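Each of the next two complexes has chain A plus one more chain, namely chain B in the first and chain C in the second.
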Partner chain A sequence: MDSQAPAPAQHPKYAWPEKPRLIGTRVSRIDGPLKVTGRAKYSYDILRPGMLYGRIVRSPHAHARLKSIDATAAEKAPGVKALLITIKPGDKVLYPGQEIGALAAATEQQAADALRLIKVEWDVLPALATVEQSMRPEAPQVFTPANTRRGTAQEDGNLDTGFAAAAHTVEGTYSTQVQTHTSLETHGCICEWNGENLTAWVSTQAVHGTREGFAAGLKIPQANVRVITEFMGGGFGSKFGPDIQGLLCARVAKAAGAPVKMMLDRKEEHLTTGNRPSAFARVRAGVAADGKLTAFDAQTWGTGGAGAGSDYPLPYIYTFPNRRRTHTDVYINSGQQRAMRAPGHPQGCFVTEVLMDELADRVRMDPMEFRLKNLPPLAPNAMWAKYFPMGAERINWKSRHVTGDPTPGPIKRGLGCSANRWGGAGQGARAHCEIGSDGSVVMRCGTQDIGTGNRTIMAMVVAETLGLEVNQVTIELGDSNQPFAPGSGGSTTAAAVMPAMRVTAGKARDALFERIAPQLGVPVDQISMGVGTVLVSLSTRDPLSDAQSAARSGQAPSSRSISWRDACRLLGTIPVSVDGQWERGLSAGGTSGVQFADVEVDIETGITKVRKIVCVQDCGLIVDAKTAETQCYGGIISGLNYAVFEERILDRNTANMVNPNMEWYHMAGQSDIPEIDVVLVDQPERGVIGIGEPPAVATAAAVANAIRNATGVTLRSIPITPDRLLTELERAGGTN
Partner chain B sequence: MEEKDVSRRDFFKTVGVGSIATAVVAGVREGEAAQGPAAIGPGDAPVTLTINGRRHQLQVEPRVTLLDAMRTRLDITGPKRVCDRGACGACTVIIEGRTYYSCSMLAVEAQGKNIRTVDGLSQGSTLHPVQQAFCDHDGLMCGFCTPGFVMATVALLEKTPNPTPDQAKKALDGNLCRCGTNIGVLKAALSAKGVARG
Partner chain C sequence: MAGGMDLLGLMKDYIVSPDRIVSIKGLDQTIAGADSGIRIGAATKIADLADNVLVRKMYPALATAAESVGTPQIRNMGTVGGNIMQRPRCWYFRNEEFNCLKKGGSRCFAVEGENQFHAIFGDGPCHIVHPSSLAVPVIAYGGKFRVAGPNGSRDIDAGEFFQMPNTNLYGESVLQPNEIVTHVILPAPGQRSAGYEVRFKQSHDWPLAAASVNLVMSGQTVKSARLVMGAVAPVPWRSQAAERVLAGKTITEAIAVEAANAALASAKPMSGNAYKIRVAKTAVKRAVLRAAGVAWS
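For the complex of A and B:
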């Protein structure tokens, strides 16, 4: 080899084991027992001595100017200990529920009573409740500099050439609704001051980020703030900082001189803590007679609420050699969007995948064959061409009929498919590991487990590395006093934290060996890890690499083994205590997957019953097959909700949400859940990649395509509720 | 009177969705008590609750729900407050063999009844078979809906030890999970064995 050539990519010192003992197996969530017994304490559950209850004062109007506010009666109301108004006459509010103050009282009931005693007078101004209202030329200008913000065109290739090469074109407007995160634990926190130091128990996806947010918002040193999130009841992208309610909570707690709990109620949660923007796309696309895509031209828009963006990737996945797309953000008087489970992707996926089925029909091709013809080349992060046939087999794709179920009667069956991609790379996590002389192992990392199973896979990696069982490892997380780890968003946590676990546990193992080698009377390179044991090699040949496999394969012992506890006892009073962090080469980014749906539609009632979803998904090296599979189930169910159930509905006149609850904001119940068949594809050579978001992307499009296949009616808009489906069936010539 | 209106609104919000609370209307409607049972409220009233076999005496306003009394006064936080209006099941408790949404029942109304919550299911560190099944089949993620699902499953299996999938789904339809754990939940409900008849 030429000595001038760059060195080959360095093999990481703490590479993943080639024949893992725990990694890739099915391990039950280690915090399961705490959660099923009710002993897990979420932020919402925390009671502190002398704790008060806080409420936020909010605007009832979507767009209004404050005339006057009088809180004297509220201040004097029974139980009220602190009250803060943050708005002044002349100020404007831009969405219903906008925060204008806060108070704290001894009981929740007293806080609620006091809230009603605040007298507020408003000049109610015209509100924009829909994108159509906002985009009208005669619309009142509510936002500065304008109600809309048009982005620059993204262009590639030559559209004229593309459309000239097309044998067929499809033109249409596609759309997706606004959905809210609806985490079961609402946003909120408990703030407790000790002098100038603040401890906050927050329902957050980022303990370190939230500490930073408190410090910046309250203008106090980060060193004075501690944020704790031991358990949290879902975030889905909406919980990354203290938010306004957190800062107000800290301020009223300070003013009252007592801890304050400020958990939002369900309505506040729907109105003010984020949502997935709507998406609209006016598309024209061309396909050649041989089924190759030629051109894609789209004007897109959507709303992320009052002043927030709504962009999304389009076209999605498939190769359109000539394309143009211009996106316009449209602002309306509603709460702002936040990242929500694979931000942008379900929208782009829905628009593109429904279009793909329509194009396939124009060239009379099977929709899957049509997709295979237009996919980017196979790559580790682009495996769709391999996964589509795998999924097709499991959904029985060959039983598919052409568009429109010819079976007589009201019940129509149909199949559909779609594809997804996501990043899921992570970095930057740090950790600290201690091994005590009694053999106990504590790993500390300021990450959080938002329901993904992070705690469990952390324990698996540490246990794997130290030759222990999962229950011999204590994982401490969810505290900003622990070493830094990034927020849990973008499916980045596993890829950020698992390398830190591997490296830090590996370093702790090395440090243990260093410490006990003199007492064992051997050079350190003759010590290696067994299973629950430490192995001391009797020869000098490369013990680190083969001792464990030799022990397993039962070859003649070339080493003696000491129990883990006995080995740790040699440490004496000073534990092993090491820091470590994420290193390159143990994780990656870029996942791909496909989904298939099998549906049954009753064309008399318009009710869709999803019978089965098949999901083929990769996420690099699978750590815990059990929780990874659950992530897929969860993503698919969230996609099912997006497809046929949930929608934020705003009153057209007031822009107030008419379903800010959980009975009219529809989500699947147990009887709505289809059979779900998950195929997890392991790619151990790629290292760890996140899987929280990818499975949530493709379900809605697959379901919509299956409904189209069943009914013969093209539905370009979700959610496909019975009323919408019946309307479209009617428009298409009535039910047959 | 402002205060009366306020508490009445709160009260009606509570009973608006579920029907189970209607029985107490006569008991707490202020100002109309002369002919009926002795009026209590609007201030604190003594309430005795028997929860997981233990008696608790506390002072709460009559408008306080069973859920809030348990959570904020007794530190029994297994039941979660999620929708607070009878739509999600996170607050599910079992009273005399059937499930109730504790957010939609007043504490005063729950007196003299044997209230069971998820907190009282396990025997020391030995999980109840339903709890064990939820762990084994990964019927939980964030876990915020889990206490409600566990209680709904326990109530089902105490009546119907070997439910069909349809029976199990129907029994769990009053509970919502945003993380999407329903696949594991159903497996747990269909596989938990050895639940004593209630």
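For the complex of A and C:
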């Protein structure tokens, strides 16, 4: 399994096993039973003795200047223990929900009631609710130095040559909406002070990063802060620090002299905790008569809210030899964007992939064949040319009709496809492993399981390395007192943490062998790992009974096995205790995948029913096939929502969000979720790569293309609501 | 409060802040045959209504409406009376930041704002759609609401119960503050009836449009019809024009389309909801065809 020779980078000392016993199998989440029985305690569930409930004071306006604020009545309200105001007259707010203070009260309801007793007077200023409003020449200047920020052109090749070579061109404006993260567990924390030391239970994707954030924000040493996230209900890129609510929570907890729970509500989530920026693209693209792409020219823009960017990769994946693209950030009076599951990629994918289907129609090619003709060369991180035919088989692509279902009646069927790419490399995780004399194994790592199954795959790697079963390993994570591991973003966690698990468990195994070798009376190189056993080859005197061992193992006495427990018992009172960390050669970056959608559109109601999604996806060495698949399910459902349902809707006159809930902010429920067929492609030679983000990228484009194939009308804008679809069908005079 | 499905939401959103809450869980929650029709207690759970054998057999439009309300949890807690008396789901009305007309403000924000889910009938000044799914078939079946007040009980024709905003801006019905709905009473249905609801999401969502139709037949010919649409106007919207199209006819797809066109002929969409005309036409057409047992193509 491991070589005694010094390990070159290509062949690390603790390389992945060639014939793994657990890795690559289907293991159910080890914390599944805790979660489904409600015993897993999320930040939201933490209760501390004497705990108060905090609420944030927020601006109701999108753009306003404070005239006066009077919190006297709120301070005196029943149950209120602490209140602080962080805005002063003359200060401006730039989006609805912007934080201007906080309070803590004995009950949640008292806190919410007290908020409404704060008398605030504002000068309400003109607000920008849409990119169109912000980009108008006569728009009021709300942002400094301007409402928009134009980037520099990205250019390659020669556009004139490219368009001269084009037999056909497509021109159009494509757009995607603002989507909010809508994590099931909202943002927030419980802050408890002990003197100058803060313990915070936070719903976060980064326990160490959040510790730093608290220390910096509160101007206290990092050593004084402990952040705990045992279980976490989703973040999707929006939870990397204490945020304003965390710092306000800590400050009111200090002021009140009591622990304070400050979990945001759904409305606050939508308004202030991030979103995926909108994207617009005015595109002109050319294709030669033989189906080769020739040119791509785009002006793009989008909004990340009040002063935040909105760039995204474009064109996506396919090779346009001559291209130019200029992006402009447009600011409006809404909450700022944050990284959201594959930032930028679903936008770039949607624009490019819908364009691809339109171009394929111009040259009368099958859209998949057209893609195959324009893909980058096959490579370990660029496997689309192989995956497209695999997915086509699973979706029955050969049954596809040309654009526009000719079947009579209101129900139209269609198929569509698209591709995705992502990085998913990680590094920097550290861990500590202890093996006790009773055989127990504890692995500590200050990573976090944000709902992905990290805890489970960590246990799998440790168990694999020590010849144990998953339930014989205790994983401790989600605590900034544990060895450092990076935040869980960019699909980096598996690639950062699994090598650390492998190396640290491997070092613990070596340390165990070192310790017990003298007692076994053999050189350490005669000890190896079995399954639940330690194997000793018998070339020297053995203090334990050969007969007993032979009887137990049924083997000839040339080697014998000692049970894991018996071997560990030889440790006596001092456990094995080793540190380890990520090493090169066990992980990589760069994934590729394709998706196919099969949809049914009712052209008399504009309702789209997604029947099936096929996903062909790689992520290097697959650790747990089951949790990797569930990452695909989650990503696909998120992409389906992006295609059809989700949209942050701002009132165009006030910039207040009209659907800050889960009633009118539509998201698929059980009945809206299609059959999902996931094909995971294992690439064991590449090592571990993350899979959290890639499956969320391509679904919307595949669904949009399937709707186009079904109805014959081109929707260049998502979400494809009944409103948009019926309007477009009407314009086209119905289906063909 | 009985199920609390609407009231608690209104309170959490600070749309209402009552000083006192009175339990009305003791209201009748039975469903019983009465004369040749049926009597439904106001505290009947929506789930029980949807599952009731008599309702499913005699009043399919009501059963369809009941089983598509909310979620299983809402149907298990929510009551028939609560569904009928719930306040509008208009996102301006429900949002604390908008002091809209209905809450005593000076304007309906939907007019120049986001109105894709608002009314396509009515002259305002408020443009809500009525939120009750059950009221639509109740009116189609010619039902009544039994109302208790200080002077005892009275029955109000369901078709006369709901009020347009130009009559009653701050409420949606004729019910007085000292009155309460105790029963829904339905007469015998026509030989054929059905409902059809179009929803954006198939899971938990409000209809974009719905229709209930109740046909009194003479053989294969419609003797008389009642046709009511939901989610298109501030009240459940009866279309006598469509009813006239159906009367005296044998139902075919062409007749159903004609009825649908008649039902929507006087629609006045707002800036962003013209698509609802098409959706509502489809709901009417399919309800009529479903009632007549004709498959649509």
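Heads up, the rule we're going with is that the second predicted complex is superposed on the first by the 703 of 736 C-alpha atoms of A that agree within 3 Å, B and C clash if a C-alpha of one lies under 4 Å from a C-alpha of the other, contacts with A are read in each partner's own complex, and residues count from 1 in each chain.
The definition used in the following text is that contacts are C-beta pairs under 8 Å (C-beta built on N, C-alpha and C of every residue); 3 or more make two chains touch, one makes a residue touch a chain.
None of these values were measured; they are calculated from a predicted model.
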Next item on the list: Mind working out whether A:660 is in touch with chain B, chain C, both or neither, as first, second, both or neither?
Entry: second
Notebook entry, point to check: Once the shared chain is lined up, is A:408 touching chain B (first), chain C (second), both, or neither of them?
Noted result: second
Check: Looking at the overlay, does A:645 come into contact with chain B only (first), chain C only (second), both, or neither?
Finding: second
Check: Who wins on chain A residues touched, chain B or chain C?
Finding: B
Notebook entry, point to check: Looking at the overlay, does A:668 come into contact with chain B only (first), chain C only (second), both, or neither?
Noted result: both
Note to self: By the touch definition at the top of the document, which applies to A:730: first (chain B), second (chain C), both, or neither?
What the structure shows: second
Note to self: A:96 in the overlay: touching chain B, chain C, both, or neither? Say first, second, both or neither.
What the structure shows: second
Margin query: Looking at A:116, would you say it contacts chain B, chain C, both, or neither? Reply first, second, both or neither.
Written below: both
Next item on the list: Figure out whether A:636 sits in contact with chain B (first) or chain C (second), or with both, or with neither.
Entry: first
Note to self: Taking the stated contact definition, name every residue in chain A that is touched by chain B in one complex and by chain C in the other, in rising order.
What the structure shows: 116, 663, 668-671
Margin query: Which residues of chain C touch chain A once you look at their complex with the stated criterion?
Written below: 14, 89, 91-92, 95-98, 109, 112-114, 116-117, 198-206, 208, 272-275, 278-279, 281-282, 285, 296-297
Item checked: chain A to chain B touching residues, read off their complex -> 28-29, 31-33, 35-42, 44-45, 47, 107-109, 112-113, 116-117, 181-186, 231-234, 236, 265-266, 450-453, 626-627, 629-630, 633-638, 661-663, 667-671, 673, 676
Notebook entry, point to check: For the complex, which residues does chain B have touching chain A?
Noted result: 2-3, 6-7, 10, 17, 61, 63-64, 68, 71-72, 75-88, 90, 117-119, 121-122, 125, 127, 131, 134-136, 138, 140-147, 150, 168-170, 172-186
Checklist line | Residue numbers on chain A that touch chain C, as the complex places them | finding: 60, 96, 116, 408-410, 602, 604-607, 609, 645, 649, 651-654, 656, 658-660, 663-664, 666, 668-672, 721-723, 726-727, 730
